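Below you'll find the structures, each written out as C-alpha cells.
Each of the next two complexes has subunit A plus one other chain: subunit B in the first, subunit C in the second.
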Partner chain A sequence: MKLTEEARSILETSYKHNRIGDTERQEIEFLIESLPEDRKLIYKNVDSNPIGDLERYSIHIRLQHMLTFVTFLTLAFTGLPILFLHAFWAEPFNILLGGIEITRIIHRTIAMIMIFTMVYHIFTIIFGAMLTIKQRRFDVRRTILPLMKDFYDFRDDILYFAGKKEQRPEMDKFMYKQKIHYFAAGFGNTVMIVSGSAFLFPEFWASILPESYASYFQELMRLSHPHEALLALLVIAFWHWYNVHLAPGRFPMQWTFLSGKITREHQIEEHFLEYLRNLVESPEEREQLREMMNRKGLLQTSTPGEETTA
Partner chain B sequence: MIYNQYTQSLLKYFFDLSRINIIKVCVLPVLLHLIGISIIFFLLLITPIAFANFDDDEGCLICHSYPRMTRVTEDGAVRSYYVIPEVYANTVHRNVPCRDCHTYIKELPHKPVKEGVTCNTECHSIKNPATGQPFSHKTIYDTYMQSIHGRNKIVDGVESDKPYCVTCHTNPLYDPNEETPPEHVVGRCVLCHESEKFVTQWYKHTSRRIRDVKRSPQRIVELCASCHDDPKLVKRHVEHAEKEGLEIGAKFSIAVKSYNDSFHGKLTNYGYENAANCLDCHVEQDNFYKSVHEIRPSRDPLSPVHKDNKVNTCKKCHIYADANYAQLDAHPTAMPGQGDFRHIAEQIYNIISVVTIIGLVGLSLIETFARRRDGAAFQLKGGTSWRRKIKSNVDIEKN
Partner chain C sequence: MISPLNFWQKVVAYSSLAAVLIFTILGMLAIYVLLTGEY
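Entry: the complex of A and B
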C-alpha cells in the first residue's frame, strides 16, 4: 500500500525514535508496500485475540481507570439520593446505606479517593512524558493532546459512516472520540472537585475571590455540581458504555481496561498510525502480519529483489 | 388432639341444655350490666367536677361547661365557647382565673363580648415571685410591638395578617406522662414544701425550661412558612406596599422557596439540626428569648441580617467568615427577574446537556448503522474479534 504523507511522517519519526537500521527499515518498507491498498481488507482479515494483542495501557492507567470507575459509580449512586431526596426511590436507598447522614459521609469519603486518583493520574502522565522526552521518543501526535487533525478525522469518520468515503481516517493512538471523552472527564472532575469544595469550604472560596464575584461563584457551583454530575452520568451511560460494550463488533465488551492490550483488528481500524509504530517496534508483529496476510492471499507477491530490478 | 378435646368439651358445656340455669345465665348478666352501666354513667357525670384541678370561684363553668355552648357568627362560622375543665387544668394558664384575662366580664350572665383577650394584661391573682408585683407578659409584649410583626389584637386589613402571640404560642398541653419527676427528687422537696402537686408542677416548670423545649428546625421553618409561603398573603402585602409606597424586602415574596433551595434549607429538610433556620439569622442570638420576639426587616440597622451586621451573624456558625462571605446569597433563586444570573446559567446548562446527549446518541446511532453495514455483528462469543465469523470472503473475491 502507498502511505499518505501523514503516515509517512509518523513512520519516519518512529524509525528515528527506535534507531532502526537500514536492513530492518527495508524489511518494514517492503511489508507495508506489499499490504493491500484497502485498509478494510487488512482489518477484516487479521486474526485477533479478543483479550488483546498489542500493548496500549500501562498498569498505572488501568489502575486509575479502575479507581475512577468505582468512585464515579459510587459517587453517582450516593449523590443521586441526596439530590433527589424526596423521590420515591431515594428513601429506601438512603435507608440501605444507613440514612442520609451516612450517605453524605460516604459521598465525601469516596470523593477523596476520586481526587487522589486524579492527582495520581496527573503525576503518571507528567512523569511518563518526562521519561519519553528523556529517551528522545516523545511524539506529541502519540499523546492525548487535541490537534487540528482530530477535527478532520471527526469529519472524515462521519463522512465514512454516511457512506461518502471509502476508508475510515488514519487515526493515531488516541482518536477524536477518546480525546473528547478524556477531556470531558478531566473537565468534569475538576468542576466536581471545585464545586464540591465550594460546598464544604464556602468561607475559603469567598475569601480568595473578589467580593462582587463571591456570591455568583457560589451560585454557579451550586448549580454546576448536580448538572455536571447528571451530564457525566448520561455521557457515561449513553456514550462510553456504548463505545466499549454495545457497539457492533465491540459487544459484549473490550478487555483493554483489564488486560491493557488492544486487539489487532481494532488497532488497524481505528488507530492505524499507532499500528505502523507497532510494526516498527515489534519484529514479531511484522512476522505475524506477513504470515496472516500471506495465508489469506492478500500479500502482493513481489519480493525486494524483484522490486529493485523493476 | 388436645385442642380438639378442649373444643369439644367447651361445645358440650355451652350446648348441653340440661345444664342451663335460667337465672344464672340470663338474668344475672343483665342485672350486672345494668349496674355497671349506671356506675359508668354516674362516673361520667361527676368526672368534670371530680378531676378539675382549678377552682371555678367565678362560676364560669355554670354555662361554659356545656358542650353545645356555641354561636353562629354573621359570617356563618361556628364559634364554640365550651371550656373543658380537665383540659384547661393541663394548660400553661391553669392557675390563672378566667377574669384575669377576660377583664371585661363584670357580671353574670355577661353581655356580648366585643373585645378579645390581649396578652399584655396584668394578672391580678398571680404574683411575680421575684418582685412580688402582679405578673404580666408586658416586657415581651412591648418587645414584640417593636418588631415588624407587632400589631394590636383587633385590627383589620393587611395588619391582620401579622401574627399575634397565639399564632406562634400554640401552647401545647402538658403530656401527663412526660418527664414525671424522679421519686428521690420529689421525696426530698416534699419534706419542706409539703405538697406533692406543688413540687411536681415546679419541677416540670423548671426542667422544661432547662431542657430548652422548642420547635425543631423543620417545625420552625414550617411555622414561618405558614404565613410567608402563603401566596395570597404575600401578594396582598406586596400590593399594599406598592400602593402605600412602603419598602419591602427584596426576598419577601420568595423567602421560603428560596430558603428551601439554599444549602441551609436543604440540610434542614434532610433533618440536620445544626443548619441555620429562619430564626438563626433573623434573630439576634445574644438574648434569644427576648429578641426572637423582635424580628426586624433587613433594612433596619438593628436587624442581624442588615448589611452591616451580616458578617457577625454569619460568624456565629462560620467562624472563618469575612466580608466577602457575607455577600453570599442565603436566599438563592433561579426565578427570572429575581435571580437572572442563575436563571441564565441554568438555561445554558440545560441547552448544553440536551445538545450533548442528542449529539452523542446521534453519533452512536450513525456508527451502529455504518458498522452493521460493514458486516460487524453483535457477537457474544469471540469478544471483539467481530469479523471472524464473516471472514470477509466476499470482499476478497471482489478485490
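Entry: the complex of A and C
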C-alpha cells in the first residue's frame, strides 16, 4: 500500500512521538507496504470483536456520555409535562412524580447534573490536552477540532457514496460527521443552559443586560428552550441513534460507549489514520494484522530492502 | 468480519435497540405536540 502525503505525515509524527527505533520502523514500513491498496479488502477481511479491539475513549469520556445520556432523556421527559402542564397526558405524569412542583424540582436537579457533566468534560479535554503537550505527544489532527481536511473528507465521502470514488477518504480519530455532531451538541447545551438559567434567575439576567433588551431576552429564551430541546431530540433520534445502532456495520449496537473500544473493522474503514497510529503504538496489533492478512493470502510480498527507501 | 454476538451481548444490544425505537416513537409524538400544539 502506498501512503498518501497526509498518512505519511501522521506516521512520521507517530514515530517521533513513540520514539520508534530503526528496526521497528522498518518492520512497520514493511507491513504497511505489503498491505493491499484497496482498504476495503483490509477492513472486510480482518477479524473484529464486536465489543471492540482498539482503545478509543477513556473512562472519563465514557462516564460523561453516560451522564449526558441519562440527563438528556430525563430532562426531555420531565420538560415536556412542564411545558404542556394542562395536557391530558401531562397531568397524570406530573401526579405520578408528585405534582408539577416536584416535576420542576426534578427537572432543575437533573439540569444541574447536566451542567456538571459539561464542566467535567471541559476539564477533561483541557487537562487531557495539557498532559499530551507535556508528554510531547500532542497532535491537533488527533483532536476533535475542525480542520480544512474535514471539508475535503466530507466532499470525498459524498463522492464515494455517489460512486465517483473507489474508496472512502482516509479520516482521523474524529471524522467530519463526529465533529459536526460534537459542536452541535456543545452549542445546544450552551443554549439550554443559558435559556434555562434565564427562567431560574431572571433578576440576574436583567441586572447584567441593558434595560431595553432584558424583556426581549426573556422572550427569546422562552422560545429557545423548548425549540432547542426539540432540535436536540430530532438530532438524537434520527442522526445519532441511526449512526450508532442502525447504520450498516454498526447494527444492532456499537459498543464503544460502554467498552471504550472500537472494532478493528470500523477503525480501518472510518479512522484509517488513527489505525496507522495503532500500528505504530502496538506491536501486538501489527502481529495480529499480519497474521490475519497472511491467512487470507492478502499480504503482497515485496522484496525486502525496498522499504528502506521510504 | 465482526464475530457474532453471544447470548448476553444479544440481549444487551437488542434491548437497547428496542428502547431506542420506543424513545424515537415517543419523541416523534412529543415533536408532533410541540409543533401543532394538539394534545
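What we mean here is this: the second predicted complex is superposed on the first by the 300 of 310 C-alpha atoms of A that agree within 3 Å, B and C clash if a C-alpha of one lies under 4 Å from a C-alpha of the other, contacts with A are read in each partner's own complex, and residues count from 1 in each chain.
Following the convention adopted for this analysis, a residue touches a chain if its C-beta (ideal position, glycine included) is under 8 Å from a C-beta of that chain, and two chains touch if they have at least 3 such contacts.
Please read all numbers here as calculations on a predicted model, not as lab measurements.
> So which one touches more of the residues on subunit A, subunit B or subunit C?
Ranking subunit B and subunit C by residues of subunit A touched puts B first.
> Does the superposition put A:44 against subunit B (first), subunit C (second), both, or neither?
After superposing on A, A:44 lies in contact with both subunit B and subunit C.
> Going by the contact rule set out at the top, does A:252 touch subunit B (first), subunit C (second), both, or neither?
It touches subunit B and subunit C both.
> With the two complexes superposed on chain A, say which partner A:265 touches: subunit B (first), subunit C (second), both, or neither.
both
> Of the partners subunit B and subunit C, which touch A:233 in the superposed model: first, second, both, neither?
Once the two structures are laid over each other on A, A:233 reaches subunit C alone.
> Report, in rising order, the residues of subunit A that make contact with subunit B in one complex and with subunit C in the other.
44-45, 47-51, 227, 230, 234, 238, 249, 252-253, 255, 263, 265.
> Would you tell me which residues of subunit B are touching subunit A in their complex?
263, 266, 269-272, 318, 320-325, 327-329, 332, 334, 339, 341-342, 345-346, 349, 352-353, 356-357, 360-361, 363-364, 366-380, 382-388, 390-392, 395-396, 399
> Okay, in this complex, where on subunit A does subunit C touch?
44-51, 73, 76, 80, 83-84, 87-90, 226-227, 230, 233-234, 236-238, 241, 245, 249, 252-253, 255, 263, 265
> Considering only the defined contacts, which subunit A positions touch subunit B in the complex?
Checking each residue of subunit A against subunit B gives 36, 38, 40-41, 43-45, 47-51, 85, 100-101, 158, 160-163, 199, 202-204, 206-207, 209-212, 214-216, 218-220, 222-224, 227, 230-231, 234-235, 238-239, 242-243, 246-255, 263, 265-266, 296-298.
> Which stretch or stretches of subunit C touch subunit A in the complex?
1-5, 9-10, 12-14, 16-17, 20, 23-24, 27-28, 30-31, 33-35, 39
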